[in-house]
Amino acid sequence: EDTPIRLGDMAQSLNGVASQVMIDQEFDHKYGVDVTHKAYPTLDGLFNAIRGKQVDLGFGGWTSFAQFRSQGFPVFNIFAVGRGATLDVLVPVDSDIQSLADLKGKRVVSYAGAAGTATVLLRVVLSDFYGFDPAEGGDLQYAGPGLIPTLMKNGDVDAGLLFDPIGAKALASGEFRSIGNLAEIYKEKTGDDFLWIALATNDDFAAENPEAVSGFIKGWVEAVAYVKQHPEVFEDYGKKLGLDEDGIKLLADRVIRDYATTWNQEYIDGLMSFADRARKVMDKGYLEDVPDDAFSTDYTP
Amino acid sequence: MIAALLAWLGLSFLFPETVLPGPWRTIQVLAENFANGDILSHLTATLGRVLGGLVLAMAIGIPVGVLMGVNRLAEKTLDVWVMVALTVPSLCYAIFAFIWIGLNETAAIVAIGLTSAPSIAINLWEGVKNIDTRLFQMARVFNASRWVIIRRVLFPQVLPYIMASLRFGLGIVWKITVLVELLGRPDGVGFELFYWYQLGNMQQVLAWTLLFTLVMLFIELVILQNLERRMFSWRPEVRI
Amino acid sequence: MDNGIRIQGLTKSFPSPRKHEAAHRVLNGLDLTIEDNEFVCVLGPSGCGKSTLLNTLSGLDRDYDGEIRFGGRPMTRAGKPPVRMGYLFQDPRLLPWLSAERNVDFALENSDVPRHRWADIKDHYFQLTGLQAFRRHHPHELSGGMAQRLSLVRALAIEPDVLFMDEPFSGLDELTARRLRVDLLDIWRRTGKTIVFITHNSYEATFLADRVVVLSQGRIRREIPVTVPRPRDYDDPALFAVSKEVAATFIAAAEEAERARARLSEKH
Amino acid sequence: MIAALLAWLGLSFLFPETVLPGPWRTIQVLAENFANGDILSHLTATLGRVLGGLVLAMAIGIPVGVLMGVNRLAEKTLDVWVMVALTVPSLCYAIFAFIWIGLNETAAIVAIGLTSAPSIAINLWEGVKNIDTRLFQMARVFNASRWVIIRRVLFPQVLPYIMASLRFGLGIVWKITVLVELLGRPDGVGFELFYWYQLGNMQQVLAWTLLFTLVMLFIELVILQNLERRMFSWRPEVRI
Amino acid sequence: MDNGIRIQGLTKSFPSPRKHEAAHRVLNGLDLTIEDNEFVCVLGPSGCGKSTLLNTLSGLDRDYDGEIRFGGRPMTRAGKPPVRMGYLFQDPRLLPWLSAERNVDFALENSDVPRHRWADIKDHYFQLTGLQAFRRHHPHELSGGMAQRLSLVRALAIEPDVLFMDEPFSGLDELTARRLRVDLLDIWRRTGKTIVFITHNSYEATFLADRVVVLSQGRIRREIPVTVPRPRDYDDPALFAVSKEVAATFIAAAEEAERARARLSEKH
């Protein structure tokens, strides 16, 4: 019998595209698991579900899972999902801001909140490679992703950090342009892949169902491969968002580029060096000590 | 009602469709949602939480408030508690309810009820202090037991405060339900609201808001106003 | 059961609203004995402490010095008073959200009167007070005198052993008042209550009472027994003579009180 | 006060340190935060929003509620509006305030004020319906203008409702401030609360909660209670 | 200015608390003319509409049929009444959160009396009513009679042209009442007010009034002019004779009203 797995995700997330493929194409049953998909409207809701064992596996920022682990919650990262290829800093097309360097002294808004992995990445990139931390001068604001395009249009903020699908939608509208993709810049400057979204589980589930966890990851990898070959799976999703053909293609391109398929100690070491950088820009208490057992490669195919 | 609709229509011209869709568009979206079917399950889930939370909040708030009003000692001891309970953010109630009771309906209702109870207790507390003490004396002389006095003399006098608590309590409870649904429930109107907000889809945000507004208007206009008319029919009208 | 009232050294003060000023002593070591089944009328100038006296006797106000006993059973600091009492307050104190009839029911529900007798009792007293047609009116729909009469219905309906009445007929016309006085005496004769009745009307006091008591400066100034036999006739010159004495006593007491007050004002 | 502390202590033994830290640990963390310095700026930012929002909510809620109480026409027209305003989630207010006014303090205060005003209006509305109309008549005969009646006869009678509104309004406003700070402000107690919550650090969550609880207790015990004592000193005490 | 009152065809009904039942007609085409500077006393059985009459005259209740004019100036449906009026209500209607003195100030603030005279006026009337020592007390700290007297101070202090008084002395002892009656006549003589005074006491009515009016069944049953010259002596047999006539008229009216009511009850 297939082991049932409850998979938690953010409701609008693009991981959902691959998760759906996994279920539709029955890649889960192929590896002995039976996946049900549960969507939460906010990251906090999702994290509550993961910590509260409402779901067995869940997606989220690896920093959050590492942080929870260090606070004593028995959760840990088991696979890489999104490298951050869709994290772009956007500005209105007619803005005179051309690159990240021009952001100094400008008002920047992040969708991810003060503790979000994406926000931390923005601050690390800007302070390590451009010499300023927007949070220091109070130039960094936070607002819900849906609000950010409007805020930029109104001129309330000069630039905004967005992720897909809203980022792709904004770019497709022709009203905004990207002045930098954070993950690419990070890789260019450090040689390391960034990790934005990871897959996590809790100790109990992993201990009781190690096979199922490995099985899920195998199915997931196949699903991602399938998505890469069949970009048409973005059609439905894109239409629901009101994107046209070009927009859907753009979205598919960006998301496919974002999916990670490797997970090994080297990757994890790279994350640890990001943690070192993050500690320097963030306040005390952020990723202060990342326990080794916050990561596991035991289930990697 | 019509004025409210017109105001909305007017405002919607000031904003682009994506920011503030007009009433017509919103009603269309709402109708589509209805056609798609799962509106009812979200609505009943939320209504269950709202009503459960409200009942719990009243069940705690009214006795505590009344006790504080009639008993000096209770007032002194409970005052600090009520203010603390009022200050603890709904977030904390939600977290602890979910941790303690689990991620389920009971926890949601407990969190909602506990967050709203202090406001209701405060209102009743103030209400009791404002009542006509001569009527108490009358009841005492006519041999009414403490319980009879509370039920027949105190209660009718604080009823306006209870009605007010019921009304604004409904509003507070609903607001907290939204928060609780987004922290730990996989369905409900608040869930949908936040879901679409994250997607930047204001049409859906407004459609769900509209849905719940209609429900609340129904509660107010059909249930509460009739209740009130019946209860306070004896009261002479206030005119300045 | 003996329902006489024995009051000894009753002293009652109210704190002054101005801080650091002496409390206002209203009753000052008052002694009074009321026999079981006696009808006592109390007269005294406005503000002399008549209502305060009834409030202490009825157990509403237990913050006093001295002793109150009902047929030997003492009034304690807490707990129920030792007799079944009715009280007709100076203000009507009706529950505004209840109809006239329901206001009476409220009192009956907390009394010993068995439920099957309620309808008769209410009919009787509503008829007596001319309020039959207003049973379903709410207090704010009643005139001042009607509210006072309703308050009388309430006090009588519960058939108390001891009845305190604070100026019950002051807002009524003389015709109605006369009839109600006769009815009250009739009820009293039939049921054997102890009645303490406050009034400003010396003729009313004389007509009703076994004994008229004049209160002033926190004490009983004088007790005037009314020996005119019952049933009494309203136009009996003997009554008129006693009432003149009552009035004279009252005036003397009031003037004395006034002089005392004037002295006090001067001192300030 | 001490009982509250003890209850907390007791509860904290039931949970692991990471879920519910004890009072001692929390106070330590709070002290450390103080030593680190930026507590004051967060606190003043939040207090500014709370007080600003409260003032705005009272400034809207009291007149609207009073108007609805004294005027039939106003009651009929505003009733629906107030219920709608009560139902619109704080999220919507926050979104539109941020879009319309910009991502700044004014928007935050407007969002907080608008979300809280309906509860206060409802309480006052009910309050006005409950007042003694005979005193109005007295004032009218003695030639008092409408304005004098409102100020000198109506206002003192609804003062208990205003006091209650002030108290629970403070609680509502604070709750909404937390939400608004997490939606669009880069500082404040609510912001910190959520930040640490997202990092799973319950010690910090409780430390910030404690900080604000102490501030609220100060407002209640030192300011509101003295205010009330002075205003209602004429009132005889209620005892059952 | 002429402050006489002319009432024509005044009709006032209250809706019945029971639905689908006829409204209760209290005043029924009442006609009455009161001259400028006249002192009129109104008598009538409890619940006959005396307070209702004052409420319409004072403009509190404008939901009536008929016409009311003050010296030719009509009372309109809205807006201020056309004269400066004082009203002593049947219940004291004091603002409970204000001290006795501030209650009087409240009335003064809305009157034409210049501020520099307030202190004298208040001193005078507080003295007159024996309330000097209670200026800083709150209403709930006053006795029933004291509250009534405070209400009198308030009505007089604003020096109105027309004064409505609803049983102002009913809760006072006879000594105080007598003195206040003399004072009231004195004030009336000096200031030339038009006074409408409701009482249940026919002797009081006769002593005070230029004309006594007996109200019953919503109409004026009879008007009895009191021709005894002023200043009047309390023990004047001429006054006593008129008062006997007043009492007899009142009793006839009341009995008639009662028969009407009995007929009405039977019909139901």
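The first chain written gets the first letter, and so on, giving A, B, C, D and E; residue counts start at 1 in each chain.
Assume a contact is a pair of C-beta atoms (placed from the backbone, for glycine too) under 8 Å apart; a residue touches a chain by one contact, two chains touch by 3 or more.
The model shown is predicted, which means the values in this text are computed figures rather than measured ones.
> What are the mutual neighbours of chain A and chain B in this structure?
Touching chain A as well as chain B, we find D.
> Treat touching chains as neighbours and tell me the shortest step distance from chain A to chain C.
The distance in steps between these two chains is 2.
> With contacts counted as defined, which of the two, D-E or A-D, has more C-beta pairs across the interface?
By the number of C-beta pairs in contact, the winner is A-D.
> Using mean C-alpha positions as chain centres, tell me how far chain C is from chain D in Å, no decimals.
Distance between chain centres, rounded to whole Å: 49 Å.
> So how far apart, in whole Å, are chain C and chain E when each is placed at the average of its C-alpha atoms?
One centre to the other, that is 27 Å.
> I'd like the Å distance between the centres of chain B and chain D, where a centre is the mean of that chain's Cα atoms.
15
> Multi-chain contacts in chain B: which residues touch at least two other chains?
19, 95, 99, 194, 197, 202, 235-236
> If a residue has to touch 2 or more other chains to count, which residues of chain E qualify?
Those would be 91, 138.
> Among the residues of chain A, pick out those that touch two or more other chains and give their numbers.
Correct list: 44, 144, 146-147, 150.
> Note which residues of chain A are touching chain B in the complex, please.
Contacts found on chain A: 10-12, 38-42, 44-45, 48-49, 52, 54, 144-147, 149-150, 165-166, 169, 241.
> In the complex formed with chain B, which residues of chain C make contact?
So the residues of chain C in touch with chain B come to 55, 58-60, 80, 84-87, 89, 91, 93, 95-99, 106-107, 109-111, 138, 140, 154, 158.
> Using the touch definition from the top, list the residues of chain D that touch chain B in their complex.
Counting only chain D, the residues touching chain B are 1, 3-4, 15, 19-20, 69-70, 72, 77, 79-81, 83-84, 86-92, 95-96, 99, 115, 118-120, 122-123, 125-131, 133, 136, 146, 149-150, 154, 160-161, 163-164, 167-168, 170-172, 174-176, 178-179, 190, 193-194, 197, 202, 205-206, 209, 212-213, 216-217, 220-221, 225, 232, 235-240.
> Show which residues of chain C lie in contact with chain E when the two form their complex.
So the residues of chain C touching chain E come out as 14, 17-18, 43-47, 50-52, 90-91, 99, 130, 132-133, 136-138, 141-146, 149, 166-167, 170-177, 200-202, 247, 250-251, 254-255, 258, 261, 264-265.
> List the residues on chain D that touch chain A in their complex, please.
Checking each residue of chain D against chain A gives 16-18, 36, 95, 98-99, 102-104, 182-187, 191, 194-202, 204.
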